[in-house]
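All chains are identified by letter, namely A, B, C and D, in their written order; residue positions are counted from 1 within each chain.
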Amino acid sequence: MSVRFGLLGAGRIGKVHARAVGGNPDAELVAVADAVPKAAKDIATAYGAEVRTIDDIAKAKDIEAVVICTPTDTHADLIEKFARAGKAIFCEKPIDLRVARVRECLDVVAKTRATLMVGFNRRFDPHFMAVKDAVASGSIGKVEQVQITSRDPGPPPYDYIDRSGGIFRDMTIQDLDMARFLLGAEPVSVTAHGSVLVDREIGRHGDFDTATVVLTTKSGQQAVITNSRRATYGYDQRIEVAGSKGMVAAENQRPVSIEIATAKGFTRPPLHDFFMTRYVAAYANEIAAFISALKTNTPAKPDGADGLAALLLAEAALRSVAEKRTVQVKEVAG
Amino acid sequence: MSVRFGLLGAGRIGKVHARAVGGNPDAELVAVADAVPKAAKDIATAYGAEVRTIDDIAKAKDIEAVVICTPTDTHADLIEKFARAGKAIFCEKPIDLRVARVRECLDVVAKTRATLMVGFNRRFDPHFMAVKDAVASGSIGKVEQVQITSRDPGPPPYDYIDRSGGIFRDMTIQDLDMARFLLGAEPVSVTAHGSVLVDREIGRHGDFDTATVVLTTKSGQQAVITNSRRATYGYDQRIEVAGSKGMVAAENQRPVSIEIATAKGFTRPPLHDFFMTRYVAAYANEIAAFISALKTNTPAKPDGADGLAALLLAEAALRSVAEKRTVQVKEVAG
Amino acid sequence: MSVRFGLLGAGRIGKVHARAVGGNPDAELVAVADAVPKAAKDIATAYGAEVRTIDDIAKAKDIEAVVICTPTDTHADLIEKFARAGKAIFCEKPIDLRVARVRECLDVVAKTRATLMVGFNRRFDPHFMAVKDAVASGSIGKVEQVQITSRDPGPPPYDYIDRSGGIFRDMTIQDLDMARFLLGAEPVSVTAHGSVLVDREIGRHGDFDTATVVLTTKSGQQAVITNSRRATYGYDQRIEVAGSKGMVAAENQRPVSIEIATAKGFTRPPLHDFFMTRYVAAYANEIAAFISALKTNTPAKPDGADGLAALLLAEAALRSVAEKRTVQVKEVAG
Amino acid sequence: MSVRFGLLGAGRIGKVHARAVGGNPDAELVAVADAVPKAAKDIATAYGAEVRTIDDIAKAKDIEAVVICTPTDTHADLIEKFARAGKAIFCEKPIDLRVARVRECLDVVAKTRATLMVGFNRRFDPHFMAVKDAVASGSIGKVEQVQITSRDPGPPPYDYIDRSGGIFRDMTIQDLDMARFLLGAEPVSVTAHGSVLVDREIGRHGDFDTATVVLTTKSGQQAVITNSRRATYGYDQRIEVAGSKGMVAAENQRPVSIEIATAKGFTRPPLHDFFMTRYVAAYANEIAAFISALKTNTPAKPDGADGLAALLLAEAALRSVAEKRTVQVKEVAG
């Protein structure tokens, strides 16, 4: 039996998930809801689904699971609503920008025993999965140092920045989750640096555009995250894990892998232009993992606890920058 | 309006094309025919199509185009049948193993003014397309030397070899088409070498498993094709074009692009295991190009003439091996 | 006219410099001094030089320049001695492990107007020089983030660690200099993390074997250094500079660059086994730059001030680890 | 004891060998002869050698070995002279452009039992040696197909072409030797194609500038050589060997291995500009192998028979082009 889905939010990321659901042989997109009727209609038409209201989807007997792609400030409310409605929930990160609200929300999830999976899609990228598999297989021994380089092609609009919670909660959070995923142990300290180098206006909006974060675990493992809101050469997404027996790395991906040699040198085309093209397979695999968890009645990962953990690291990073010191995660975890 | 398709042949390559048609927003798979009812049924079910007979598909008013994926010895008959039935035809290579039969068939296509596209899918691989674009843009100047390395992971079954027309007509033909595509001029001579190095039994079946072919054009451009029926490291598919101003190359593709470094060195995983995974995008792009040609009423390429031209080069290669000399294409073109 | 050299110290690094001097067409190795007569003899014989005492070399009229490769705790005394003796001095890093002693020594150098060049050889590696040139040419715009990965193949003996001043003063110092070289602005803050992951005994000797250091400049540029005392896959030496217009990177070097493909994947041999083979060209270029400075009467760089600056960054790193906070360089610069 | 050398010919390649001899700890350059006194003087001065006449070198008691770097048409005479004089001989390829003359010369070498090594330097390139070692170790199983791509940055002067014996005897001959080296079996057939694509004037001088050669051995192994007299991107020198268990390849070498990423893509600098910089290590290793053979009294390889064998393949290639057919090596071997 296919898993029947409702899609909440028909914006950019909603389309990505609609494609993932629509292209999955074990899933069916039944309904789409969005504040903008045309956006909902377009996706619904493309995948043979209906336009419904969020309330109708919550009540619908022909829908078992929802994908939440609405604006961040609605995530926690919707998770609670659909948890209470008995639906399985896949929610885009973050659950909320406030730790306390995330905790409340996860309490509801716990009480209702709802399935909640959080959208850290990069865990499902085939290349990063292969890195994780190499680590898990013991090929590189015990993990000692993780290096994550993550640069967006260009900064988002200022109004997005205003609502985003800042670079650590919005962008770095993906890398913080990846660091947790690869370290295989929980970070206990966070040291962060934030600069405004790309666009001074971003600083005026109270955010950074360039960041470096160092995480350490109890045993002394180190993870370094290097972020920028700009990379002229495309969407820079690399990870590297060094261990006692070796190292494993995933290089950048590009849409075409040709090389042109002339008197000026050997040139390969730029990287993917952004996450929509870079992480096509990751988004499909992510939804497939969610569906598989539902069908096999096994826990869906990453879950709410992972969402909270990454947010706490982002909080600690913010405090570290403000206080120019290493912050223990337990300080922000309360 | 979507283009409505009938699929003839529900075997391995039939599934590949069903996916390409089914996944294309401008196409609809309406009917599937196959001598094995279950095979037809499986594909029909997966894509919401019906099982029909070939005759019914030929007569069907709700079908404008067919994809022919049946055994090679039926291709020419089916092309003629569907050309007369007024359907647009996409046919897997080759049209036929015999030059005379291909010519007869193309006469029917010409008289009926049918659209016929032949399945040289590699022309639609994104990486090879980018090579072609680089050549076309003048980046490397005038084309002088083309190098194509093409190795299958392992040899096909002996009964396939018996029916295949031999390595030149079955395997090299893709590379011969690619050489024509990249040279930008018609080859006038063919020199070929064939050896049996992989499996002596292949020799007993009258075929080679290792081949090298050199093509030259009137102006003296050279193309070298290196083939083997075996590559332990995966499906080896590389092209390289050198010209007066530079060179452009497309490297091998791999399912995951990680690298593991240990005391033994730096290791990347093997290549794709075969054409079904290597050329996923190529098959999708190929059908998309066919659909686009139908919708815009423009010629579909590569067409029957391309199919014939590649077959003539394969014929010349066979004669070159037999007579240990360079064969002029006009000798076999008659 | 050739520059006539005395070599002080005929150990491992002494041999490297003897080769650099001996192979330079503008230099002549005249004398070698070492506490171990045989060591001095071997080098002297190989390069047609004499064995002399340090005092004799200081007094020698046929020697214009010395290369100091003796143990670290003799560097400052020897620099002062030869500065007073009117010789040009090339000294291996560090000048001394104590900031105050370095300052005293540099005072003598200043007063005597001696030429002093300090052995940060990596600045002269052809690949890193090309990175610097790319940065200097403006290819990548304004420098924003520098990433330096530097891992030794294996840890040094414990008695070396005891004398080394610790990982930051001994190993990281090279990377601190490289960061200064590439940032193009002086770091103002240092945040460091040190762990013992490779060998617990190193911890018992009061040192770390795994480190991460983040530097920032006044404008907010960031440099990240990742260090380990172990890398099974060879001597890992990479740098990467990202700027407003792009990025430039120098990959690892290997003694042979072949790749072997089998059913297990594509394998390249390990990296160079250590600095002696990795930095052959750098050592030769470094001495050539020193000689060129002498012959053209231009300043030799990196000089004593560079040596001091890198040491101050190492001091700040040590304090940062101890106090779990970001340390301003001016705190240690006094 | 050092081997004492005389150098015959102080031109471009003479300088390369002078550096190899001068830099070898087991060799001493004693004398240099050249028709141009200044050329001989310059090298002699640089390496502490004397200028002498060829006759004096032949008679000299303090010289055991000579390196012949004079014009090709003097090679055979000089080999005979120095063989009779009891000197060990290292001679640049080719021995002579005429097969009959080579045979006469080798007869003298045989009768005098002189040591003769022929300068196919590429066998001593570290990367190509590693390829050979990988083949010899059985890593890739039985050798089936060899691919050699060899392109010069630009064509030589017309008067050089007039004297060179043509592209096959002058340029391809290095690749023919490499093919023999890597195949591990003697080629029995040669099929060649020659074109004039780079410069029509080269055609008017009776030569080709673009060539493809296919060799086969008795068991059916195939080697393909792709040559051009022009490569805008630098000196293109690649080899690849495919076998029953895998493949091994040596990629191009570059003076610096950085990569610059901008909005236009990822660019690496061009390759080495020619053999003098590309094959520095090969020339040094080659002379070291010659010296080692002399010191250990073992055969020096490649020897006169190797020089003859490569020339015969070049002869066969010429005949193949002229007669547009595959030529058996025994046809030209007589």
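Basically, a residue touches a chain if its C-beta (ideal position, glycine included) is under 8 Å from a C-beta of that chain, and two chains touch if they have at least 3 such contacts.
Predicted model, so just to flag it, every value in this text is computed and none were measured.
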Original post:
Which chain pair shares more contacting C-beta pairs: C-D, or A-C?
Top reply: A-C
Original post:
Hey, which chain ends up farthest from chain C, C-alpha centres compared?
Top reply: B
Subject >> Whole-Å gap separating chain A and chain D, where each centre is the average of the chain's CA atoms >> reply: 57
Subject >> Approximate Å spacing (C-alpha centroids) for the pair chain A, chain C >> reply: 41
Subject >> Residue list for chain A, restricted to those that touch at least two other chains >> reply: 232-233, 245-247, 261-263, 269
Original post:
Tell me, which parts of chain A touch chain B in their complex?
Top reply: 23, 25, 46, 126-127, 129-131, 134, 139-140, 245-251, 253, 255-263, 269
Original post:
Where on chain C does chain B make contact in their complex?
Top reply: 232-233, 261-270
Original post:
Quick one: in the complex, what on chain C touches chain A?
Top reply: 142, 144-145, 147, 149, 151, 189, 191, 193, 195-198, 210, 212, 214, 216, 219-222, 224, 226, 228, 230-233, 236, 242, 244-247, 324-326
